[in-house]
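Heads up, the next two complexes both have chain A, just with different partners, chain B and then chain C.
Up next is the complex of A and B:
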């Protein structure tokens, strides 16, 4: 764990002064942490719904088999250790002993079997793809779960997917019921450091300290966590500033407020602790549109975007240039490369000229029909990026018309009706490219499946590269395979991974023991504590 | 009393076709909005494959044609079943009931405040017409009228919650403190002060202008001169003769504006994170939760009809010449 500057300072002063200052650096028991959330979820069950909105609440109550440690390496939670067979078809997890569910029943291998076969494989988004070839989970005894796949599953992929797609729910609560409508979906029973207490829809969720938590050692330190649903972003920063709330995760405030609060000594504003939730703000291009079917045109449009300007002025600097579909935060797979399409207006114009789309006259527009741009309604990043694209492309003689829609309208327009030329997007990276990254480039997703390749990109070379990497068992070779994938994705550029960013956390400085792992906001917060106000 | 009961029944019967038109119209209108509640759910999840989506559509009854969906809804409605809420996974009736109390309390307080303060200020302004109190009150009224409620709400939060720390910035009550009795009432009251102010000031401005104009008009009428001539005190004249007559347009307006206020509460409830009907309605539109939205519209329509019915009864009370029928 890298100490924060404050912790270093505190440690320093403790050395100098001794005595009371020391207490500040040591975890203290007690206190209520109040967290602001922009929206609530339909279910609080991470075994059937994989999304940060669920994790930020439910993963304090329900735990996964594996999480990531401070260095981003898999570390056991409900699984103590694991081994995989050489052929990649069998993965054995040795489960932690002496863990009990919040209702007092012991945690056993059957729970893992039930969660994997009934929830992860059948219902969980992304899980249905990842566990497609999971044939069975065998339970030779109460503390061993053996995952059997019918196609090789790289151990690294499984371990990096499990923190998100591997939460275990109690079989005895769900068995024999309709999993989707089980009341425990909104009143979860788990093994985690906090026990579900109360959920008032539209208002708040409360979880209280689990006194029997398996980690012991006085953990968890907090007495209680309250999540408040404050949808208005201005009201959310007011709640933070009035002290009603101590933590706003996942870029939950307006970017202008985030920039303002970053200058306020009472708060920490940082992307640290969210590296595991890196995403790209992208421009997707519909290859069904004749002009965009030409790769030179697509590249020209990318060259027209001054992304450095966008990052500084629209995103207040909390982002960097994207270099390809695998973000730089992904140590096991990332190989440094330059941003592929540097801003060059003259070059962009020349490329369009060469592609046969000359301006009819000076200052006139190149395409007969303007490009129709559907901004993804996923917050300020994607919406602002749409206006930025519109302005930038006008400079090189390409007219863009924006058609704003809300979420259901957007998903229908882009993924089902393909009724767009350009769209912005938020591509979340989930620790391994096979989880939810390659699907943007692979053919074969059915029409209407959201967050897939729906812009008509079809490259046999790309499909081959993706398939080879997905089943490669050797970690080094797999990394190399993914460089082929990145190169193709960047050269063909159906999607321009323009800007890379992690979520921004804003929290009161007195929230300690926090943001110390790459997916902290989605982790269990067992070691978080509050310094006295 | 019997007459009132019969009248209420007749009004209710008259309103059934209206309600039906509203519901069917809204149902069809919402079909024009692209995407359904499964799309909204997928958006929230950040992913999901086609098979999952198809199964969810089946679960929510979205896999059949629109006329069949509408037919099913209306048949259910005959047995007073509003259906299941897609967002909350509970019967719509119970979801609405939970939220209704918050909105009812919030709106009745806002209405009562706007009405009474508007009335008093209007009377004061009318009595000192063109004097400094009139100028002050009328200017204030204009300012209130011009301020959008969401902005006012945010500014009130910045001043009273962030800077002065006198009042909470949002929510309906203190969370998890288990307050009961008077402490609970006071706690809720503290949370409602700012929302009530933001929602009611614009209506206060309208009522005060209305009251002032109406008072001025009535004060010039013959019967007021008669009342003064027979030696009644000024206060008596105002209360018994002027005020009662001047109130009629105000009462009309309360009935008319009740629905406007219901609309305005959507914004204010969002700014102050109040768990009321307005926010629920907004949430159901965004998430395409058709059942919940139709349920809210039904309840709101009934509310508006009831309030207007009460207004009609009040007319008769205020002015015996008018008979409610």
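Up next is the complex of A and C:
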């Protein structure tokens, strides 16, 4: 009647393994792919807003210079090839010829120059940090863009950042306008396989096949893509099961429904194709709170969490223990290490006793004021994790009060007003630690910038380690440098990277040519096709 | 035995209501005795079905909490919210309604415009605004629920006052030199109260439902064991483990039904038109 978790998981992984074998056969032209999204950001310009919620729609219309291939290696999209100078100060990109924008104008080097200097460097989140030493982009001819940096930029870092922070928008549409309010931000003009058709806020976005797409060979195969915004997770799974929707990306369904659908032969439920979008479910600790300023207290709180139990019973096993801010999926930078804070209740209690926070009496609470926990409202992972923290810390004599807020209230409460003691969150890793990971630990992020170090953590040693690694040109040395960063991050633990998980895709088996690259949901889908129903 | 009590006991609805209410009260009173653990704590593996584990009578929800313990502790929260919110709503409504109905004229006009201002905003929307502004602690929520529900008792009391203020016994009291306050609270109010008491049971049922609706949307105080909180948490597993939402749903049904039936019984007992001649 009700299968145990273990049965569900075994069934799920068996099906996931059976998926690729079915994805063979001759691609067929035609058909409409309908995709379910839980929320929309009302921006369709990936050159000014870096977020999976933007890429999942806009990257079919607007393309980056470089993407990642099936092995996770950089592969040219709008750039055909590239070379970097030995000192890391100059990077030359040779652009693809014969590419036209959806409005018929040719794609030229000036577009790259404009996107890089006006959007990536000045507006794009994460880009403002990554490109802060980008001095100029020179265009010796229409098909060459030369990036000049004032401090060394490792080529590997640049190439791994470009799939996310390297989308090119047309200069002739944006030049001389206010980029942030340009109407093309919600009606994008790109070079991609699909052409923007219609966007109805809160309802849907439609893009249609680009008949002049530069890849040719009949690509793209799909006639049209429709993104439907269905925020209610029960309604989303119903839409999938009734066949109205063929694909739900980024863990958009309730975990219980994901477990249920993984036993349904009509669907593939898998983390494959999302390796490049690994995220950590984290516990952030505000060091402005006197007790949490002591590193022993922060470590004790981490030891109190039985994360194995949490993963198996709350997350249906779709996750694993986090080992540090660089996830195990990041082959170029990950060095295997054990989970730093194994569950040990007695040790946690002892550490709090030693730190001077003894229980006033047996069974009493240790801190005078309870800890205020703001759960990130990003779905079950972060909300249930907040409850689990509350339950776990109570066992070691630390009372936690949860204050639920909506998304804007949460972001201002945590990242602008710093009005929290604990918070949960999702921190996403994007191919290289310097893209969007080290900003969680370095000082100097402006107050209010979301997903940055806003917990009052200030360590000169950490800042130095981050800066050294970001400008190191030797790949081997750079990897070693990042181990220093990981060690500091884990020892000081202002953020506990508790649980590592890839996003889960749920899609109808008839969706072919999909999930074949590490960040497939954010890629252009030029080779995706639908088998007959 | 007073005639009203006898009338109440003759009403089958009233008897059933009282029986259900006693059930809820017993659950609330015995919560600490049967379930000494914090109802929010992790009691075992999440999503165990009722009866699967003899230690956990009604199973566990998707956060590993003991549903039986949660229901009993939740009864306290629901009764507390219902009671306090009703006192706030009926107290405020009676005061404003009495003054408006007694004095009439511009006082009545002014107070009724204020009442209408509240009535034009849907109750639940107003409640959402209040919670968004003042936070979601239990005290705030309880008072906010009371504040959005005071207009109906207010109009009820005003209507009663308008019809009672010109009765002979009121005029007689006025002639004897009784002050306004005395007329309002000692002469008219006792005679205006029966419909308000009946209506109070409805207010109480609505208050419990409103808190549940807030909790269902994730906007109630997450640090208390409220039935709505559990229904909201169980929503994500509705297709597979429906009992997580269904059990607290039944608890709310029973409690709201109890108050409604008691109100029905009170109406039978206090309504002069239904009394045996």
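Just so it is clear, the second predicted complex is superposed on the first by the 509 of 533 C-alpha atoms of A that agree within 3 Å, B and C clash if a C-alpha of one lies under 4 Å from a C-alpha of the other, contacts with A are read in each partner's own complex, and residues count from 1 in each chain.
Throughout what follows, contacts are C-beta pairs under 8 Å (C-beta built on N, C-alpha and C of every residue); 3 or more make two chains touch, one makes a residue touch a chain.
All values reported here derive from a predicted model rather than from experimental measurement.
Of the two partner chains, neither chain B nor chain C is touched by A:471. Applying the stated contact rule after C-alpha superposition, one finds that A:234 touches each of chain B and chain C. Once chain A of one complex is fitted onto chain A of the other, the partner contacts of A:49 are limited to chain B, with no touch recorded for chain C. When the two structures are aligned on the shared chain, A:328 is found in touch with neither chain B nor chain C.
For chain A, the partner touching the most residues, choosing from chain B and chain C, is B. Contact with neither chain B nor chain C is seen for A:85 once the two complexes are overlaid on the shared chain. When the two structures are aligned on the shared chain, A:201 is found in touch with chain B, with no touch to chain C. In the superposition on chain A, A:262 makes contact with neither chain B nor chain C.
On chain A, the surface touched by chain B in one complex and the surface touched by chain C in the other have residues 234 in common. Residues of chain C that touch chain A in their complex: 38, 40-42, 45-47, 49, 62-64, 135-136, 218-219, 222-223, 235-241. Considering their complex, residues 2, 233-234, 237, 254-257, 259-260, 313-314, 375, 377, 380, 383-384, 387-388, 390-392, 394-395, 401-404 of chain A touch chain C. Listed in rising order, the residues of chain B touching chain A in the complex are 33-37, 39-53, 59, 86-89, 95, 98-99, 153-154, 157-158, 161-162, 165, 168-172, 175-176, 270-273, 275, 279-280, 283, 286-288.
Contact residues on chain A toward chain B in their complex (touch as defined above): 32, 34, 39, 41-43, 49-53, 123, 125-126, 128-129, 180-181, 185-186, 197-198, 200-204, 206, 224, 226, 228-232, 234-235, 238-239, 241-244, 405-413, 417, 428, 436, 445-451.
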